[in-house]
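Quick one: the structure is below, and I'll ask about it shortly.
In order of appearance the chains are A, B and C, and numbering begins at 1 in each one.
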Amino acid sequence: MVSLLRNQKVRNALLQVLYVGSIAAMVLAGIVIARRNLADQGITSGFDFLFKSTGWDVNFSLLPATANDPYWWYFLIGIINTLFLGSVGLILATIVGTIVGLARTSSNDLARLLGRTYVDIFRNIPLILQVFFWYAIITHLPTPRSAHEAWGFLLTSRGLYIPFPNVGSAAFAAATVAVIAAIVLPAWLGRTSRLAQPIGQRRAIQLAAAAVALACAAIILALGRLPDTPLLDFPALQGLNLRGGLRIPPEFATLAIAIAIYGGSYIAEIVRGGFKSVGTGQVEAALSLGLSPWRVFTLVRLPLALRAMLPILANQYVWLMKATTMGIAVGFTDFFMIVALTINHSGQTLEAIGILMAGFLAINLSLAAVFNRINKAIALKGNQLRG
Amino acid sequence: MTSTNSTGEPALRIENLDKYYGTFQALRGINLSVQRGEKIVVCGPSGSGKSTMIRCINRLEQHNGGRIVVLGTELNDDVGNIDEIRREVGMVFQHFNLFPHMTVLENCMISPMIVRKQPRAQAEATARHYLEKVRIPEQAMKYPSQLSGGQQQRVAIARALCMQPQIMLFDEPTSALDPEMVSEVLDVMVTLASEGMTMICVTHEMGFARRVADRVLFMDGGEILEEAPPDEFFTSSRNERTRQFLSQVLGH
Amino acid sequence: MEMVVVAPPAPGRLEDLRRRFFATPLQAVVSLACLTIMVFLVWKLLNWAVFSAVFTTSGGPEACQAAAGACWSVIAARWRIIFFGLYPYEGQWRSALACVAVVVMTVLSCIPAFWTGRRIALVWGAGTGLFYVLMKGGVLGLAHVGEEAWGGLALTLFIFVTTCLIGFPLAICLALLRRSELPWISRTTGLIIDGVRSLPLISILFTFAVVLPFALPQWLQGDKLYRVILGSALFFSAYQAEIVRGGMQGVATGQEEAAMALGMRYWQRISRILLPQAMRNAMPATINQFVISFKETSLVVIVGFFEILASGNAAYGTGEWRFAYVEVYAFIAFIYFIFVFSLSRYGAFLERRMSVSER
């Protein structure tokens, strides 16, 4: 027995069984206890509840939602809300981050100082504090009757009202897809090896693709336009309330602003790091070839910096997606808040937590997959920049 | 498992040793017996398995077939045996592997203190003794990064000696050194050999082999192809590949 | 041959300015735009925060609200609730002293002389112990104050410190388990680490605060505060474990082989050879992780704790100071900023110093 314990192979096997076994035992014990506790409260475990109607409302949804809808529909709404808020925040943060990051790398001392101040302030204050701050600001805006107005935009405590095209929602969604295609298609055509044409002639094809996609968007919008209405619907005061335009609820606006500003400060640092990683040798080589500073930027510095940034940027985007869970602080029904509400109302604790984990795992994995593909597509072949 | 240090038992006995990396066979049926006080030099082209062989002796690599008996203790899955053998077998690496976060003296003291449980004063005395022996007593309080390659390798030898091992393994100790530093390390090794240490050296320093070795082994393709005293090995080797290798090493 | 070096004429002040900011038309536009933005922002900010601001409580909230600038009287009136939450009034000096203890402990652990496992453990053990005794009382003639009455800055610091204190050793264990040669141990640990990392912190805090009591026997449930701290420590350790593992990968494999060849056992190799080097490699990333996790302690407000952010909400949320939310948030942001900014500057300094010493 003693000599058996001194045997390396026996020891290794024993250690592994003990470790995995004790973890599995803990998880199992937790589940068993939880099921018993829940059963005592009259809650039967299982996923049947997904098909029962919820009986409560969500305050934000891109899909039609009523209190009679079943739980699975609400989970779907939550995921879409999370993805939507995440994407909007991600795009805004990228824009903010790029501008600030470029300022941070500029040769102008004043621009650098400005960029640095921005990053130092917003990076060092917790996101949730910023969320509370912006929420307080927005909910303390004037009532619709005395709203701030500028260029057809209305700022009120009930939300931000912006002019919106007078089209059906399906047509609007289709047009959005077309606009996205107008951006993605040329990029894809530029990378793909399916086109035999030399680079010079590809540009024409790319432009044509973008033009076709944009034209499609315009046609969809024109066809989907509601009859007998102006092209753009401006919000306006009617009685005590505002009519027309698109209302962005305070909760959504708060989160989008906070994520854009906070995330922007992180992305700015990533952008700066990316440009810093481009060796001066590459830039000098390009300048010595007689390229103008602008072309050096677009042809050499930007593409190289992008490649260096992308892996870190991917992590940051995953983080931003997870930051949408701050929604619960201001009452935005993102995926997590739907899960929390489900636990409150239905008591299906274990199942809801399982769905929560699965949901975020799916979001993370799919984002990772997308970025891996992009990464692989633009990776430099060979290792000409290492060494 | 208790070491029977009878005079008949060799310091090291290797029988039919096999070693695989996945499906690649790195060692094929190695047989070797080393008497106490014997000095063995192992040479051969890179990838011939010579490093793998000596790394099997203190179980930095795990062998897949055959037996290794070190100082009468069989090297098997028994954890106690492995610990015992590692205490009695010192090793010097190609890249020194000194601990960069400790001074030279601490490098030499740590193992006697925590493995052999020696009191600090005794460990320090031993360490200073061996640093004297490798001729760098004045560097004791420096950190490895402040020393030259040759000095670092001599510290590594002192560090191994501080455990007062019965067998010393050298894995290409001079390959990573600048040419002008090779001799200072070899001198230390020659001194060590003259004091009767059992040594197994993987090296391409043929001058060293000629001066010190009792036997020279030539390995290729995971096998020992030739095993002879140095005079015989360098003048009248029977094997074609040995002659080819020697002409490449000695050629210039 | 003699080289004649002609020094360029020393540029005048104006010439220097012109070269730096107005070299090209584009540069000039950028400079002017930046200058305008800066002057505008600084003027607005100063005007609001200093020139038109009210600092005294003498006028009361009404006079304050009427002022054009910031109403700092809210801080003067409500600073106690922001810093100490609901802690008993006569014991608030204890809470203040406890915060000082934590700050001293943090500063001490930034000094390289304390960077050995034993000293760091001693400093953190003593600091946290002192904090706990001061806050909780019940001994040395201090009145007992239960955790439910803790709040404000002290609670924020307590959650942060205990998170690190539990999370750090846990992170080292996880990192070691993940790099284990035994496949099932490393796989299971990898699953745990990646699983925790893929979840948002809020969902973990929520699970530990609200859901875990269902899954634990009565005697194991403990106080909600400690469950939340455990959750936050788990989250911290999953991230920190990957940082430590990165540090370990930076240690040459020869180091462990040398230690093995010298007869050291597993724990001796880990504690004497691997960890000291790995932690040094991982230092900048570790400080960064501390910074992030300090900011993230503020999330406990969501599971209902009265830490500094919640007490800030309370400070303006009730009664006559309802209008002064910007001032309160600015003040809390400033407190966070001091902690986070100094810690991250220190991290950057350390990173620079290490990259220099490597050369």
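By definition in this document, a residue touches a chain if its C-beta (ideal position, glycine included) is under 8 Å from a C-beta of that chain, and two chains touch if they have at least 3 such contacts.
Computed from a predicted model, the values in this text were never measured in an experiment.
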item	value
Centrality ranking, top chain (CA atoms only)	C
Identity of the chain that, by mean CA position, is farthest from subunit C	B
Approximate Å spacing (C-alpha centroids) for the pair subunit A, subunit B	58
Distance from the mean Cα position of subunit C to that of subunit A, given in whole angstrom	25
Interchain centroid distance [CA atoms averaged], subunit B/subunit C, Å	50
Subunit B: positions in contact with at least two other chains	none
Residues of subunit C touching at least two other chains	none
Junction residues of subunit A, two or more chains touched	none
For the subunit C and subunit B complex, residues of the former touching the latter	252, 254-255, 257-265, 268, 272-273, 276-277, 280
Residues on subunit B engaged by subunit A in the complex (per definition of touch)	77-80, 82
Touch list for subunit C against partner subunit A, complex	20-21, 27, 30-31, 34-35, 37-38, 177, 182-185, 188, 192, 195, 198-203, 206-207, 210-211, 214-217, 295-296, 298-299, 301-302, 309, 313, 325-326, 329, 332-333, 336-337, 340-341, 344
Subunit A - residues contacting subunit B, complex	3, 6-11
Partner subunit C, residues of subunit B touching it in the complex	58-60, 83, 86-87, 89-91, 93, 95, 97-101, 110-111, 114-116, 156, 159-160, 163, 169
